[in-house]
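Labels for the chains are A, B, C, D, E and F, by order of writing; each one numbers its residues from 1.
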Amino acid sequence: MELQLEKINHILEALPYLIKYSGKTIVIKYGGAAMIEEDLKASFAEDIVLLKYLGINPVVVHGGGPEINQLIKSLNLNTQFVRGHRVTDEPTMEVVEMVLTGKVNKQIVSLIQEKGGKTVGLSGKDGGLTLAEKYLMEFEDENGKLQSLDLGLVGKISEVNPSLIRTLQAEDFIPIISPVSVSKEGKTLNINADTMAGAIAASLSAEKLILVTDTPGILIDGQLVTGLNKQKIDEYIRSGQISGGMIPKVECCLDAMRGGVKRAHIIDGRVPHSVLIEVLTNQGIGSLIE
Amino acid sequence: MELQLEKINHILEALPYLIKYSGKTIVIKYGGAAMIEEDLKASFAEDIVLLKYLGINPVVVHGGGPEINQLIKSLNLNTQFVRGHRVTDEPTMEVVEMVLTGKVNKQIVSLIQEKGGKTVGLSGKDGGLTLAEKYLMEFEDENGKLQSLDLGLVGKISEVNPSLIRTLQAEDFIPIISPVSVSKEGKTLNINADTMAGAIAASLSAEKLILVTDTPGILIDGQLVTGLNKQKIDEYIRSGQISGGMIPKVECCLDAMRGGVKRAHIIDGRVPHSVLIEVLTNQGIGSLIE
Amino acid sequence: MELQLEKINHILEALPYLIKYSGKTIVIKYGGAAMIEEDLKASFAEDIVLLKYLGINPVVVHGGGPEINQLIKSLNLNTQFVRGHRVTDEPTMEVVEMVLTGKVNKQIVSLIQEKGGKTVGLSGKDGGLTLAEKYLMEFEDENGKLQSLDLGLVGKISEVNPSLIRTLQAEDFIPIISPVSVSKEGKTLNINADTMAGAIAASLSAEKLILVTDTPGILIDGQLVTGLNKQKIDEYIRSGQISGGMIPKVECCLDAMRGGVKRAHIIDGRVPHSVLIEVLTNQGIGSLIE
Amino acid sequence: MELQLEKINHILEALPYLIKYSGKTIVIKYGGAAMIEEDLKASFAEDIVLLKYLGINPVVVHGGGPEINQLIKSLNLNTQFVRGHRVTDEPTMEVVEMVLTGKVNKQIVSLIQEKGGKTVGLSGKDGGLTLAEKYLMEFEDENGKLQSLDLGLVGKISEVNPSLIRTLQAEDFIPIISPVSVSKEGKTLNINADTMAGAIAASLSAEKLILVTDTPGILIDGQLVTGLNKQKIDEYIRSGQISGGMIPKVECCLDAMRGGVKRAHIIDGRVPHSVLIEVLTNQGIGSLIE
Amino acid sequence: MELQLEKINHILEALPYLIKYSGKTIVIKYGGAAMIEEDLKASFAEDIVLLKYLGINPVVVHGGGPEINQLIKSLNLNTQFVRGHRVTDEPTMEVVEMVLTGKVNKQIVSLIQEKGGKTVGLSGKDGGLTLAEKYLMEFEDENGKLQSLDLGLVGKISEVNPSLIRTLQAEDFIPIISPVSVSKEGKTLNINADTMAGAIAASLSAEKLILVTDTPGILIDGQLVTGLNKQKIDEYIRSGQISGGMIPKVECCLDAMRGGVKRAHIIDGRVPHSVLIEVLTNQGIGSLIE
Amino acid sequence: MELQLEKINHILEALPYLIKYSGKTIVIKYGGAAMIEEDLKASFAEDIVLLKYLGINPVVVHGGGPEINQLIKSLNLNTQFVRGHRVTDEPTMEVVEMVLTGKVNKQIVSLIQEKGGKTVGLSGKDGGLTLAEKYLMEFEDENGKLQSLDLGLVGKISEVNPSLIRTLQAEDFIPIISPVSVSKEGKTLNINADTMAGAIAASLSAEKLILVTDTPGILIDGQLVTGLNKQKIDEYIRSGQISGGMIPKVECCLDAMRGGVKRAHIIDGRVPHSVLIEVLTNQGIGSLIE
């Protein structure tokens, strides 16, 4: 009985969060180790199903993982490189889409379904969910002049129409979204999964955007910072304390919040059940931006 | 992080039960110590709120507790006794109703409301919820002849119209029901709370009927029996191993199941969170009749 | 045939009022003699049922009547008096609530139900219907200085959430409301039934607020005034022609109208069917404030 | 106040009927004097509006009146007669339809609208409401042989599709129906208004069919019989005590009841407010067949 | 197969128009030759049914045609003439209404029904659809002074309540409307069908108003002008290039557009399927005002 | 005008089919040349969009095409062959799924979207749409004994849950379905697209199942047979006049019809707009089984 009571007390500690998030939408960018290791995959799937049964509406946007590169390698595709960046040409884009939408997406769909959820796999192309435009990477050249770099079929989301997601949520289906979209001209474009998650979260006025990463969160001088806001982030970026790959992640969070999302989180996907720990416990996990 | 993971794992152990009971109705007879001790009252209130936020629909029918006798005593009511049983005359019935519907019911309403639930207190008189008829206690006299004993304004439920409960559930209100009803002739009648809970559970085709008692469950030769069915119960009654006050409780359970309730439970209200332990853990608590 | 025709003609005279009030809500404060004398009780119950079947939505808020004092007396409660006013301490409040919510309310529920209505008894505590705060009576002391008097557990309504009433009305249940509420701190507070009716009427943007009283209406120099507005009332109060217990009644009416109620009436509950006379006949009854 | 009370008491006497007929459909065949004399027309219109505001759904099917013959005469149409019966040829049918649907129907629509109802005039042609087939009058010739007489464009209803009526009732429109229909072959056919009302009442499983006539009801040996059933009617027809034009009326009532109508009435339209007297008073009026 | 492909290609050319008009309302004034010649009548009926099955909501307002004059003549009505205009007295109005509402309307109802549509015939009197006031024709006398001419029971629409049309459209009924209305005083008034169609189109914020006429459209110097706007029309009227009976038609179109209609068309009803040609082909037909 | 009239007449010839199929579901197996040649792809996409705007609900199940083999070849997968049949091992299944669900499906989704439809790409795994079990090919060995051949990850549909399709149809999304499913054990299985289409059509009680093939239809002695039924098909199979790859196609049609589909068609996808020709013209195309 002791043990059972302890269990129940643990469940009851989640009650304030159930009351707070009941009926709300949480958009989760799923990627990294959490998508590779079997244990973490299973724990993530359980998290999504539990959220749904707790009356919270999860929407998952997933990244690609190592499988894209494997297939590109197996096919001996001759990819061009410009300034060290791979250019996504049409054959590469085809592989990217096949792996993301035809393999990774369906694995996630099936995994969560096995745990008891009703998942529907989508890409940004389905039901007019997103429209994208070509993304030109900007950089400063040696002379400090702003240049733009054409990385091929890489895009950024210009419009989101969430009516398909709303339709599916109304019938308790969980949308699992692959970060591929299409341009007005009908070109298939590869989208960064973080920014795709952010754009979709904004279109849904989501309660939370959670980026599942392979870091403990935002580290400043090697220490995890659990709470930040726009002002602090700006300072840290200017001081160089936030740098490299973390910059686009925090910017994606800030963009989503400008678009109407209440809170954004960068959490550690290497910890089992990190999503539930974030949503349902007092201590939470990772960094909260609000 | 260890602790948080443990918490989340405890929550996840409840997932199969959430999947099983999502959207279902559970009728709970609330009484005994769980209605008297402050800690148990708080733990019961939390159980009800959590069930609601887990997508399960609780309906509470409460008993009376010691407060009825206190008021009767304070008022020096001259109650008649027949064969050792108190006869509920009109002044007594008035006190019973005032305490049950005007005091106990509203305390439960407020307590659960403080924990985050939207409760509505009802008696069996409201919205035509129940109709009762006079109940005559049957007993064998010295000569083994069946006699019936008139205990005054004591009734049994003859009809339940659950439309008011359905209306309230559709808008996420939790009904808290006082065991007082009315006869066709307009007489107010006192109803045994167990049988009231059973009748309401049957009318709702409830998934479970849970009787919260001051015993560990059904004890046979001093040992708790965790699972029984109609056949076994009949045997135990015949053999006298189930006897006294436990007989009406198990009969109330069997009646409810005949009326369409899936499972009935007799659990120990002296254990904190006994309702949640029953609904959400593998081991459960008390005795299950199915 | 003559008599039948006369009846039908009388019914037809009500047609303009049916057209005007069809689908509208009318909040009625029920109290005084109309709640005591058997004939008046029956006639009031019929009025409410008829209104409902005529497509008008009545909401009843009732007062207490002599039964509270009787029980206080029977229990020999030691009530404190401050400046001639009884202070509502906890034991008194308990009695007040039991009588109002557990006895008077259920009597009205049953009475109207017998006449054919589907009534649901509520108090201000149910479904988060009302929130109250302590009410301090203000008065001028001998030096003309404003003082406030603490009368104990007496409150005034600070918030009304009519969603429970709307839910019940949508399914044709008639709410019967007991004037007891709760404060943020969880204290049970006794509310003046007139102001409770006014606050609820305002929250529902009711078509009419009707105060059923033991006076013919507003009397000026001993004469009934059938129609008044805010300006006239202010004049009469300044001139002292409206005084005593009538002042809070007219102020309650004016408050309700500021809150969105179209018309308020103070009518004579000692006249049988006074509510229907007010709603359905050309001459009406009592005083109309608009 | 006396008078007002009397009025209210008269209204209250109708309460049991409101409870009984609330939300039910009553089909009324309107014809005879009630359609000609100004006073009776106004009283009928008031009856219909009041029924609607009392929550009862009236459907009116009207007859023709003298206006058809006037126009036929003014146009000097050469009508053929067979065995004393006028044959409805195409020019005559055109006049019949214009008068019924274009004049009489719209007069009734406007009259009831003036009294406060929302009426919509239809004929059996609108919205696929009815389908008719040619009606051959059967008679025995001199030799007792059954012959059939072709009266031209006269029909009987073979199918009713009440979906248009249901659509209108759901939005509180009152259908006023002209007894003209169309055959499968597209021929316009004149329908007896009594049988049209009966067929429509059956298709709606109406609570009542009321035939408004120029007789006090069913007279047996000169005496009004207020209550009959199928068996008695059969006896009276066999004995010749019901004869002539009353036979098709009672047969229409019996047909409607076979089709699912609960009760049928033959009432005296020459009495003002006869419809309301029938529906709302204890004594009723005319003959009831059940 | 060639022929079938050609057919399909023709259907496919309509696709952009289906996408554009899907779910929208188009109000069509039906009159002239299209209402007289059998072939044109059949082609018009098919047009309306096809529009409905293409997901577009047609509303038809029809004119009178020669049948009114025939009946007036047959009845030898003594019509007065003022300044060359026939004055609509009561007997004439009665004939007008009978022919329009009782004959022409029902012929259209039946014709479209035979082709597969679910039509409901209405006049402006039904369901409070329209309210009209007397129309006084203004003219300049010999001295250039503005005079007004009383033409009797001729009206113009002062109010439209489209709720009946909306109710019918929601259940896929097609309203066919006769241009007869009623004044506040209860007088039946004859309405110009063009302006009736325009007023109804405005009340429905229709996508298109189409006037089916006996002209190719707006002719300027004998040439059809396919596209015009308010400014051009004003110029043409000032210059006298638009004159006579075309002036009220273009003004009706401009009025409707001021009231919220998107586009108005004056098309040639003598061309079979002119309505479909206008709605579904690239070239369209007649004159477009936008 | 001539040309426009011809167009309109062609559209009108489709009216009887619109009336017949309005609101009905048509399941189309899409494959072969129609999925390869640009012109045919565009014409198919237009067909689907037009059907939707005509109020008919298309559901598309597509096959694979040559792209699967290309990728298998590029990856140098070592496929095993048993009795001349390729065995689908896990690496092959992975390629099959990526191409079908990640490439072909999304191309169809985008193509139809460009023409104006709102498409959603699904596989049999999404939303629990289908469940499959391993399919063992049966054949007779040399001794005439029935043997079964294990072709690896090839399945047949054992259950269809069409609720996801219904959800999407209710909001006017067009489902495009890839023939990949999952077994109870979580194995991904390749499904024959014809039988997948048939099973889905049956679960939806579709009005029609259309198999788009590279044949003119069912040929008997080299001649197209336009209409057949079960009996005739059985005869032709026994006589060997239907043989080879046509046998599974006709059996798939018969299975679907046993499951509740009204009619099945085998049509020539090499003819542009063959789907519309089948649905909307009198002559139709290919072979009809009913």
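Convention: a contact is a pair of C-beta atoms (placed from the backbone, for glycine too) under 8 Å apart; a residue touches a chain by one contact, two chains touch by 3 or more.
None of the values given here were measured: they were computed from a predicted structure.
Steps from subunit A to subunit C, taking the shortest chain of touch contacts, total 2.
Both subunit A and subunit E are touched by F.
Considering every other chain in turn, none proves to be in contact with both subunit D and subunit E. Summarising the inter-chain layout, the chain whose CA centre lies farthest from the centre of subunit C is F. Both subunit A and subunit B derive from one sequence, and where they touch, over half of the residue numbers involved are common to the two copies. Superposing the C-alpha atoms of subunit C onto those of subunit E requires a rotation of 120 degrees, given to the nearest 5. Here the spacing of subunit E and subunit F, counted between their Cα centres, is 47 Å.
Between the Cα centres of subunit B and subunit C there is a gap of 35 Å. If each chain is reduced to the centroid of its CA atoms, subunit B and subunit F end up 57 Å from each other. In subunit E, no residue touches two or more other chains. If each chain is drawn as a node and touching chains are joined, the picture is one closed loop, every chain linked to exactly two others. The cyclic arrangement of chains, read from subunit E in the direction of subunit F, is E, F, A, B, C, D.
Across the interface of their complex, subunit C is touched by residues 74-75, 94, 97-103, 105-106, 109-110, 113-114, 118-123, 125-128, 163-164, 167-168, 170-171, 173, 180, 182, 186, 188 of subunit B. Interface residues of subunit B facing subunit A in the complex, by the touch rule stated above, are 1, 4-15, 18-19, 22, 46, 49-50, 53-55, 115-116, 271-273, 276-277, 280-281, 283, 285.
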